[in-house]
Amino acid sequence: MSSIWGKNIRISIFGESHGKAIGVTIDGLPSGLLLDMDKIESLMKQRAPGRTPWSTPRKEDDKVDIISGMNKGYTAGTPLTGLIYSNNTKSSDYEKTKNIIRPSHADYTGHIRYKGHNIVSGGGHFSGRLTSPLVFAGAVAMQILAEKGISIEARIYSIGGIADDEINYCREFTSAQIADSNFPTVSEIKKEQMINHIMQCRENKDSAGGVIEIAVNSLPAGIGSPIFDNLESNIASILFAIPAVKGVEFGAGFDIADKKGSEANDEYEIKEGKIVTKTNNNGGILGGISNGMPVFARCAIKPTPSISAKQNSVDIDLMENAELEIKGRHDPCIVPRAIPVAKAAVALAVLDTYLSQAEI
Amino acid sequence: MSSIWGKNIRISIFGESHGKAIGVTIDGLPSGLLLDMDKIESLMKQRAPGRTPWSTPRKEDDKVDIISGMNKGYTAGTPLTGLIYSNNTKSSDYEKTKNIIRPSHADYTGHIRYKGHNIVSGGGHFSGRLTSPLVFAGAVAMQILAEKGISIEARIYSIGGIADDEINYCREFTSAQIADSNFPTVSEIKKEQMINHIMQCRENKDSAGGVIEIAVNSLPAGIGSPIFDNLESNIASILFAIPAVKGVEFGAGFDIADKKGSEANDEYEIKEGKIVTKTNNNGGILGGISNGMPVFARCAIKPTPSISAKQNSVDIDLMENAELEIKGRHDPCIVPRAIPVAKAAVALAVLDTYLSQAEI
Amino acid sequence: MSSIWGKNIRISIFGESHGKAIGVTIDGLPSGLLLDMDKIESLMKQRAPGRTPWSTPRKEDDKVDIISGMNKGYTAGTPLTGLIYSNNTKSSDYEKTKNIIRPSHADYTGHIRYKGHNIVSGGGHFSGRLTSPLVFAGAVAMQILAEKGISIEARIYSIGGIADDEINYCREFTSAQIADSNFPTVSEIKKEQMINHIMQCRENKDSAGGVIEIAVNSLPAGIGSPIFDNLESNIASILFAIPAVKGVEFGAGFDIADKKGSEANDEYEIKEGKIVTKTNNNGGILGGISNGMPVFARCAIKPTPSISAKQNSVDIDLMENAELEIKGRHDPCIVPRAIPVAKAAVALAVLDTYLSQAEI
Amino acid sequence: MSSIWGKNIRISIFGESHGKAIGVTIDGLPSGLLLDMDKIESLMKQRAPGRTPWSTPRKEDDKVDIISGMNKGYTAGTPLTGLIYSNNTKSSDYEKTKNIIRPSHADYTGHIRYKGHNIVSGGGHFSGRLTSPLVFAGAVAMQILAEKGISIEARIYSIGGIADDEINYCREFTSAQIADSNFPTVSEIKKEQMINHIMQCRENKDSAGGVIEIAVNSLPAGIGSPIFDNLESNIASILFAIPAVKGVEFGAGFDIADKKGSEANDEYEIKEGKIVTKTNNNGGILGGISNGMPVFARCAIKPTPSISAKQNSVDIDLMENAELEIKGRHDPCIVPRAIPVAKAAVALAVLDTYLSQAEI
């Protein structure tokens, strides 16, 4: 099963980059939720290309047409399907080189997996464009979470090795800490440095990667389960569904492995009548279950594989070495546009986990 | 749903650390597989405590009693259930402090999650002991993979910041590269340094964390799917089910985020008539699908939360600050014993993903 | 989860009767299957209304627009989504009486289930029109089965108590035994009697029910599993998803309960080197697994709830008794149009069960 | 996947008839449920053999040993595993004839399905004995339902064509209507006739089948979903998991197919301020969702396939016709002992469906 996710709320994503439409069906939504279409569109716009110097100039509207499951602005409770119609496709750019597999893309693996029958134009079902319906679904999930007081925020943690400023992980991370939702960092200075790095990469026909940090605020303690259905597994399983993600960590993440227990352990104390931890190296999750502290996850985004510089590759039809020059309009750095995608993914994972503890 | 995992092969883990027995039911196994009990026991022994100076002196046999699904040594095809009976439990050590929640353990989150009804003795269902049935299930999975020529290996990548030697990620990682299966590293020198670090931690009533690297050898290209049912999501979802794992990465992992596209991209070439990559920064997985190169995953293991040093905490019955001194017999470093667990987890994920592409 | 079905092949149905479009996403299809669109359309036409005197005069094209998952006529292997756009909706007929709940329809239960937010026009997501995407998915499943030599046939077993002729359940039931695919019976005489009954019901502002019998031909022995994932459970679970189905049985079905063991048991014998049974009271399924004999299932279809005669009901807004006269264009008997739906449902169940035994 | 069932509460059944133990793991239970072991044992006793003249004299204790998930009598919330150890097995009876496949049993289909590796002694995983853990799981489900005021009752609807008295389907069916829980009928006279029929069958080395009727009382309106996850599909999918069930119907069931719409439709009226139906031909379910009327399901149980009379069959090793005389101790009629199994199955289906509508 490739494109269905979730246990309690279930999303089914379909479509190919250059097909007539891509979309998502969300099954298991409560009825009577008033959908705030402005908020949904606002999140989708953050993902849409063509709006900033550091993204591809390719324009896509990414307007969602809800064809089922909505009744006078409210969720009907039955499957909600949103379609995003395609426009502005330039297949020709892709056609020319389609036998020469692009390094670090899914051209080769998709070809083997589907025995040459997969749709390759624009990346087909593997395209980053398929994160657009994911953002839509996540935006809906966020509205349900918001009713419970839970919010999801994210920032650019680093790009090309340039790290944003440290934050206090015992406090909630709020949008007030971010000046620019299109390039969300805490530090203005670091933002400039990151943008400079991206622009330089573009100039050099190269690309940049980075790390995104996502915070879940006000998640009550007790959400998640031991062993398999834990909050970390659920979040990781959907974050790794975002193309280009090569790592996921929580709290201190990989750095915790270098620490000693006495440094890593988050000691408890009572503060204003509530049990809190003095540090948050575990990122708000213990034994797979939220502990009431802010949840922090990070995911590593590899540099955009599509670079304009000449690369070595292979022609899979001729089965011989070949050189490749990728034309087309590509993001020198996908990290800023991946921010709403990561938020959407985490929102869906948190909601699905939360729902597994719903009671009759 | 907490303790069932898998789509094509399904494992259901049950039991508590100090209960009568813990176990696992494996559903979806092919019939007629001759179970090599020696291999299974050998892997389980690597996880069992009490055998090395760097593990807890607590002895557990971890013998599996297969009560169903096996017919004269072969899998019957119907659910295979293995029980591991408990012995050598010292509940009293735990009882004394059970109101004082242990930092970085699941005491508090389990208490909230289950409204005080969870079993706390020995960690209950949250105990690391529950990885024992996981190793059994993984050992069975490995035998099915072995019939396809696929093997799983793992090594200690680092402990306490001391890294093992670099290896060539374009080559398979085999057991021949490891001298000591109880403490698998490439370098003898680094091994000694790591063990010294652990021993020092123990002396200081402290503990050490580390990183495990897992390799999947000879996995054919084409295993996995785009979007949700991708190989990385599947592996990550089960690796995060191992207690103490706080991060999972593939290939260059988080380091890839600092690279440029020109450095990160794995260029293709034809070698001995086969398509290979010149580097393996993507860890053998592109677009969620194996590309025929060795698959490399790493997971970060936090230092054992149970340390003998005095810690600050909270008494949840009295709801007041309290000090905690953890008695009992604990591993100063869980990383070596987590090696077979990580291998088992990856084996199950690879098998489940592989099976999703089975054909009629 | 309401509208996703399947374990190995998964279908997600969405839409409402009078919405912009209804559709289905089929996930888990093999790549490289050449879709025979003529066969698909032919099956869908059998379900479409407006073609025969015994169906509603309402015309619906039921043309499927495949918007993803198809590459030059072949399945791409990624999710296949088919949309069926709406036309010829007459919401006004429904609007007038929408507070008065229609007996034996889902008006009341849908209202309670979705707290008044469900879409009621045309039956919304509960409409029989939603079986149209099911037929599409089933038609695709039939093509995969056909490649294995397995075919699905069905006939009208009875309407209004008028039974079609007995057939030999030890033989395959083939289309050669049916003269009229729009009204498939073995007996021409019984067909006339059944049609007369339907026409009389229509004249009396009434409606008729019936029983459909479905045969699965050439299914090899060994398909299915003991306990839960058995072939009978899988077929029944999807047959009951067809609106109006109130019973499902296999082989001799409910009649077997009246027999003695000596009458009911299907004795074995060897015939032409093959193990066969002398009778087929078990409908080709033993212990939930196919035994190589033709599989026979039957489902009971209740008479169309929409009748023109005046009925007693309740106004749920005023919470008082009310009378109801249903206008609009309704089938006096849905059984003939339900034939392709039942075939599609059984095809999907058989394929999904078959796939669970696929091997790597 | 053969032996795991459920979406919100999940049961995993394992074991073989003559193995060391059979059992079930129940995952997804709420914590803090006080298990009434007397009620559980009482239901299991109704299934246990050896207590009445119409059941096999074979004695089985069917005592459940709960090895996990229970804390001081309360559910812990983590997986609850119950084991039932085997005793009193007489494998020798089975061994002699094991190459000669028993008609209407799963010997042949199991042999093909598992390529000869399945365990055949006592029926292995196909044995009716595997319904014992199902009853245990159902008994736990009933206790959760009981807290919501929902109860499950069942009666023998018919045996060998002898039908129990008609009841009023608009009223709840309660235990007060039944005199003998070991042979639950409304009519004492019909009970005697049914028992006479069974005794006569036994004398003639034959067996009898029958129909069980299950009622769900006080289920609120609104439980279930349209299309696939409807209450009828969920109940049917688990009822067909009971060996020997060949048909499932709701309300008027197959009889509704013979009716006209004007006869079949359940008209609404307001009674004591509540919306009720005047008849209950739909068995309390419309559009797959409960309508607040009592839910009625029936399942057809085929006559015990094991009869002492000589039968024709095939020796699958020699691949030649053979005669078979089944020795051993068998039930002349399994229907009375299947009553608690059917109740357990329905309880699990209702609970699982109910839980899918739980809210956060």
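Letters A, B, C and D mark the chains in the order given here, with residues in each chain numbered from 1 onward.
The definition used in the following text is that a contact is a pair of C-beta atoms (placed from the backbone, for glycine too) under 8 Å apart; a residue touches a chain by one contact, two chains touch by 3 or more.
Owing to the predicted nature of the structure, the values given are computational and were not obtained by experimental measurement.
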Specify the chain most distant from chain A by Cα centroid. D
Centre-to-centre distance between chain B and chain A (centres being mean Cα positions), rounded to whole Å: 26
Which whole number of Å gives the spacing of the CA centres of chain A and chain D? 46
Just the number, please: Cα centre separation of chain A and chain C in whole Å. 40
Mind pulling the chain B residues that touch 2 or more other chains? 1-4, 7-8, 13, 78, 113, 125, 226, 356-357
For the protein chains shown, what form does their contact graph take: line, ring, star, complete or other? complete
Touching residues on chain D, where the partner in the complex is chain B: 1-4, 8, 10, 12-16, 19-23, 25, 27-28, 31-32, 65, 67-69, 71, 74-81, 113-119, 124-125
Would you mind writing out the residues of chain D in touch with chain C in their complex? 1-5, 7, 13, 101, 103-106, 108-110, 112-113, 125-126, 130, 158-161, 201, 204, 206-211, 221-230, 232-234, 236-238, 240-241, 243, 245-254, 256-270, 273, 275, 277-278, 281-283, 285-292, 300-307, 309, 311-314, 316, 319-321, 356-357
Interfacial residue positions of chain A with respect to chain D in the complex: 7-8, 28, 30, 78, 148, 226, 354-360
